[in-house]
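Same chain, two partners: chain A is paired with chain B first, then with chain C.
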Partner chain A sequence: MSETTGTVPKSAVARPATSRLHLPLSLSAREALAAYLFLTPFMVFFLIFVVRAVITAVNMSFYDWQILRPGQLYVGLDNYVELFNDYVWWIAVKNTIVFTALTVFGTTVVALAAAVAVTQPIRGQSVFRVILYMPTLLSVGVVGLIWVWLLSTQFGIINYLLSFLGIRPINWLGDEALVIPALSLTTIWWGFGFPMLIFIAGIQSIPDQLYEAARIDGANGWQLFWYITLPLLRPTILFVTVTGVISHFQVFGQPFIMTGGGPGRGSYTVIYYLFEIAWRAFRMGYGSAVAVSLAVIIAIFTAIQFRLIGRRVEY
Partner chain B sequence: MSKRPLFAFLVTILSIFVLSMSVVSIQAQEEEAEPEVLPSPTPAIAELGTGGTHISFWNGLTGSDGVTLNEMLAQFVEENPDISVTTEIVDWNTLYTKLQAAFVAGQPPELILLHASEIAQFASYGVLKDLSSWYSDGGGWFPVDDLSATTYDGMIYEGVPYGIPLDNHGRGLWINTDAFERAGVDPDMEPPTTYEGWVELFQQLTLDVNGNNAASPDFDPENVAQWGFAVGEWPFVNWYSVLHQHGGSMLSEDGTTATVNSPESILALQQFVDLVYTYNVSPPAAGFDTWAGFAAGNVAVLPTGTWFRNFAVLQTDINWKAWPQLQFGDQKATWFGIHTFMVPATLEGEKLEAVERLIQWVSEHQVDWASSGQVPARLSAQAQLDPETYPTNILLGQTFTEYGVLEPKHVAMLELRAAIEPELGAALNGQKSAEEALNDAAERMQQALDRVN
Partner chain C sequence: MTLLETYVFRNSGKILAYALLISLSIFVLFPLLFSLSQSFMTNQEVNRWPPPMIPTEPTLDSYRQLFTQPDLKLPIWLRNSLFAAAAYTTAVIVICAPAAYAFARLRFPGNNLLFGLLLLTIMIPGQVTLIPNFLLMRDLKFLDTFHALIWPGAANVFGVFLLRQFFMQIPRELEEAAVLDGASYWGRFRHVILPLSTNALTALGIFVFLAHYNDLLWPFVVTNSLEMRTLPVGLQVLNSSYAGQYRPLVLAGAVFATVPIVVVYIIFQRRIIKGVALTGMGGR
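Let's look at the complex of A and B:
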């Protein structure tokens, strides 16, 4: 060992220091360069598969673009003019907004409640966390099919249980007034597990001293939650609601599997309509106009959320 | 109760709810993969044979008919060991999506099974091969005179045949003979031939939990134990049949004008709406599983398709028989479709020869296809069917040949269907009147027609 060490020339030992790349840059510039280099692999894929696709979609929205037709027809803003005069589009937008509002609100409340519950020092805490997270692991196809059966007027267990309360079978998926709440209920059950984990992380990051001090001042459990937990979870709530809005505005699988957009167009959502326009009517240009318009709507709602919740967030 | 046990109790209740649903769901996922469930699940992808000339074949036969076709193709590759086949089965809507992407990418499968109603759309883009040389009138092997005139006409777009028909599939009525007897109706009666006759029959067959039928003044429509009819399964084809029975049509003869809001069309839809909301003999369209309802003995007369046969045989304990499509109008008419083999325009050489051989083999074995429930397209194959084994195929096949109506040949047929189907649903679920729904449908259809014509 000593022999080996002794044979290493001094120049070789010093190599790591002398071979380091010395650029005539300031420290901050070198740090920025390093950051960009780390980001480069992601950015390459992002530019190819996201930015390029977005630019293509925006470009297609100015054409009467039929996917199988050789040569496409430039129509300027005609697709957007048609879209804003298309009553089915507005039905889809309304349904999507209602679905998103119900689902984001419901998911946030249920996930927060579950997170608070499973961060209490109770026996089997980890088991409960696993169980509550389990639905998130299921595919939308399985969730959709199972909930069709659960909500069935003929054989559904939910209507069966309601019958003990003297309630007649409710046509959850066949009633225009109930179908969106029913899809939302399904989605909340399916999706609250992940935001629950986010909330658990948020709750665990709140210093215990704050609770101890409040308890010394005589605060009860509700006051601890209302004046400490909830305000300090605002960044987490902002994250959960913003990502929830972006995600649920793009709902497709649930109406596609559970209702086929019905009854009538009672559960048409924007992406469902996009699918119909682009892939059943072969109208990629008009479908792209739907997609671009949806992106603008999501951006507006996200900006509103940052204005309403974000300015009161302390990180 | 102190707070900690209360938390534990609440979390336990919530967890039990979530766990029970999850277990049901996971169990359902696992059950999907079990091979012994009857009927056999249709494999999404099947590799058949090991021959060097490979055929990729896409179709939408997600029911038991997919299993039947795979069995036939397994026999084919056994007799043709130089050919191997990969069948890929996806639902129809996804198939249209995949096909568009595949054609654009220049990598379509070598063989496709679609419907005759889609020939115009795909052929208009130039992606389908002209198959006129395969028909006898072009010097080929498929005898044109072995098809009904309507079936052969369904293969043609702008004078060129683009498909080889596999079957005629269409609508009929499945009769629960036990339900008839429960209602005191003879199941061997002759089917009515007028709307009034059908309403009277459905009223007799619809029973509330107290045993009163829908014609009785004591009938309780809120507590129905047995429905006479069910309007929910694919309302488009029921309406389309009755539309033609009244002498109406979807489009003008030149294909430039939507005529779905004609008096005949409104009458056809109104008759179905009245079965739900005036006569209380059918549940609303949405939220009622018609097949499960029939299997549970809750539906006496089920309007459905030839593809229901295997479900009725394998998955119900119901004593049943088939009737032809109901008749509400003055004329006989029933919707039917044609599963059709199509070949990409770019296919040439050895693969084209292999595909032709496959289609010819299947065409010559169409009798075997009857076990899927569908009616073989070739009249000679229909004539060979055993009446004991295939009563529904024979009965309904005759109606398709004699008075079957295909959907219009139009390059925007999928879009036209997408325009009208939700409107039919809206009327049948009480969201719009029949006239309002069909006016809205006509407006959207006309927009599409003006754009593409």
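Let's look at the complex of A and C:
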């Protein structure tokens, strides 16, 4: 920690005015001094709230850290051992992975389809873009309140619409098998606008000549998409799915607002469980172990994605 | 082929695109309009089958309740959200822009090391810092104050990346002209770089503002008095106490929280839409 702080020489920062006036500093020294001054405010906050916090989280995960106790107990790897034997943690991890997979897949497909459609030479492009991006700007609180009601078993409009297909009322948020897909659907509705705009930018950066050449060769619309758009969008897809996985792995608001983790523990997610441990049971050490393990899981999944989609991005 | 068939065949791509976009627009708009419409209904009407779409006798009852129930402080929650988000956004810009300039333009020992450290932390999910920063807020006696809502996220690494990227695209010659006029590093940053970066700064500002305005978990854990809650947290309070007995009230709360966002969106929609591509940020 002290070594990291050492990279910003506090001494240099402390006496800028005098050194500029009295010391015959070389041009490069003056430039470096200016740089450190520009960086200081940011680095202060960064070191306190990011670097220190991450190091503290890792450190705390080796303690039995109870918030209301003066001295804390070092327990080595006990928290991690407990984690691996904690069936609730496994439920939370499984739910989180299923939720993330469904949401990232659904979001990417819907966003890509919408982006391809909106970049066709049609009228009203900007109106569609504005409409489809709108839900992304809502708070998860608002989204949760709206969708709980839409998904209601007894009075929900979704069950009403399904009744036209002869489907009997479904208990979306009260059925262990359906609650995660239901939260996922809610999240896709909420969030596909952002990757859609990213895909639109990606599609617009593909040179027109490629499509023209392919059309002269007699390619149809589907072939244009499959052999030109999709391969050239590979880096964009990588960006969208990697950032999607990282953010959806940290899902909290949807179960918190819509289900309270239920039914039973059917929609416990990792961050929801962390919240329960740290702010309902006040076990900050164990909570930190959950947080650190989540970071490791996310890192593993990110690496897998780079392997799967990342190869051959040099188109 | 008939004329119609030929037309359909020639334009099948366009027709498909329209069909898809119109169905997606309905998918997006329907839940919003449905909630808006039901917020003007009575509790009895909402709990009816089939679910009514249009209120038979529109009433402002739930909105009246929204502002008169003693445990609901929506105007205060809105004020808290707006103030905290505005202060946070200012802090991010003021702190991150100079740092981004240093990384983009200035040569100094430790440049790569510091930038590598920033890169490293962007891989770490933000929630890892939740518990340590909460405990720090507690130790600093910042819990349940605006300090807790403003400072912990102010070192926005993403903001630095974004602005650095943008500053690097500004031709160096423009700065060199200022150097000949005797401008200091601060002068170059303040009078050459910043005025040329209003697009990037506005886009960053909008997204940082929206993300903060919509945040739920952090304000939930660092505030606890009814007077310090933010709007998303307050909505959760509203939901847990009224969803069972008075649904239109909850929907009215959702509408109330959404109106400022929709206003911002209508004013800035061009900048927001362009800003997403420019910044790779989405607003939460």
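Keep this in mind: the second predicted complex is superposed on the first by the 269 of 315 C-alpha atoms of A that agree within 3 Å, B and C clash if a C-alpha of one lies under 4 Å from a C-alpha of the other, contacts with A are read in each partner's own complex, and residues count from 1 in each chain.
Convention: contacts are C-beta pairs under 8 Å (C-beta built on N, C-alpha and C of every residue); 3 or more make two chains touch, one makes a residue touch a chain.
Everything quoted here is computed from the prediction, not taken from an experiment.
On the superposed chain A, the two partners chain B and chain C do not both fit; they clash.
Using the contact criterion defined above for the overlaid structures, shared-chain residue A:Ala299 touches chain C, although it does not reach chain B.
When the two structures are aligned on the shared chain, A:Phe239 is found in touch with chain C, with no touch to chain B. In the superposition on chain A, A:Phe84 contacts neither chain B nor chain C. In the superposition on chain A, A:Gly261 contacts chain B only, with no contact to chain C. In the superposed model, A:Ile122 lies in contact with both chain B and chain C. Of the two partner chains placed by the overlay, only chain C lies in contact with A:Val50; chain B stays clear of it. Touch criterion met: A:Arg168 reaches chain B, while chain C stays clear of it. Of the two partner chains, neither chain B nor chain C is touched by A:Tyr227. Partner contacting the larger number of chain A residues, of chain B and chain C: C. In the superposed model, A:Met134 makes contact with both chain B and chain C.
Within the three-chain superposition, the chain C stretch that clashes with chain B turns out to be 56-64, the only such case among 56-64, 182-190 or 200-208.
On chain A, the patch touched by chain B and the patch touched by chain C overlap at residues 67, 114, 117-118, 120-122, 128, 131-132, 134-135, 138-139, 142, 145-146, 150, 154-155, 189, 221, 279. On the side of chain A, the complex with chain B involves touching residues 64, 66-70, 88, 114, 117-118, 120-123, 127-128, 131-132, 134-135, 138-139, 142-143, 145-146, 150, 152-155, 168, 171-176, 189, 221, 259, 261-266, 268, 276, 279-283.
On chain B, the positions that touch chain A within their shared complex are 3-4, 7-8, 10-12, 14-15, 18-19, 21-22, 24-26, 28-29, 93, 96-97, 100-101, 103-104, 121-122, 125-127, 222, 283-289, 292-293, 296, 298, 412, 414-415, 417-418, 422-423, 425-426, 429, 431-432, 444, 448, 451.
On the chain C side of its complex with chain A, the touching residues are 12-14, 16-18, 20-21, 24-25, 27-29, 31-32, 34-35, 38, 46-51, 94-96, 98-99, 101-103, 106-111, 113-114, 117-118, 121, 123-136, 151-155, 157, 160, 184-186, 189, 210, 213-214, 216-217, 221, 231-233, 235-236, 238-239, 243, 247, 250-251, 253-254, 257-258, 261-262, 264-265, 269, 272-273, 276-277, 280, 282-284. The touching residues of chain A, when paired with chain C in their complex, are 4, 7-8, 28, 31-32, 34-36, 38-39, 41-43, 45-46, 48-54, 56-57, 60, 67, 110, 113-114, 116-118, 120-122, 124, 126, 128-142, 144-150, 154-157, 160, 189, 191, 193-194, 197-198, 200-201, 221, 239, 243, 246, 249-250, 252-253, 256-257, 271, 274-275, 278-279, 284, 287-288, 291-292, 294-295, 298-299, 302.
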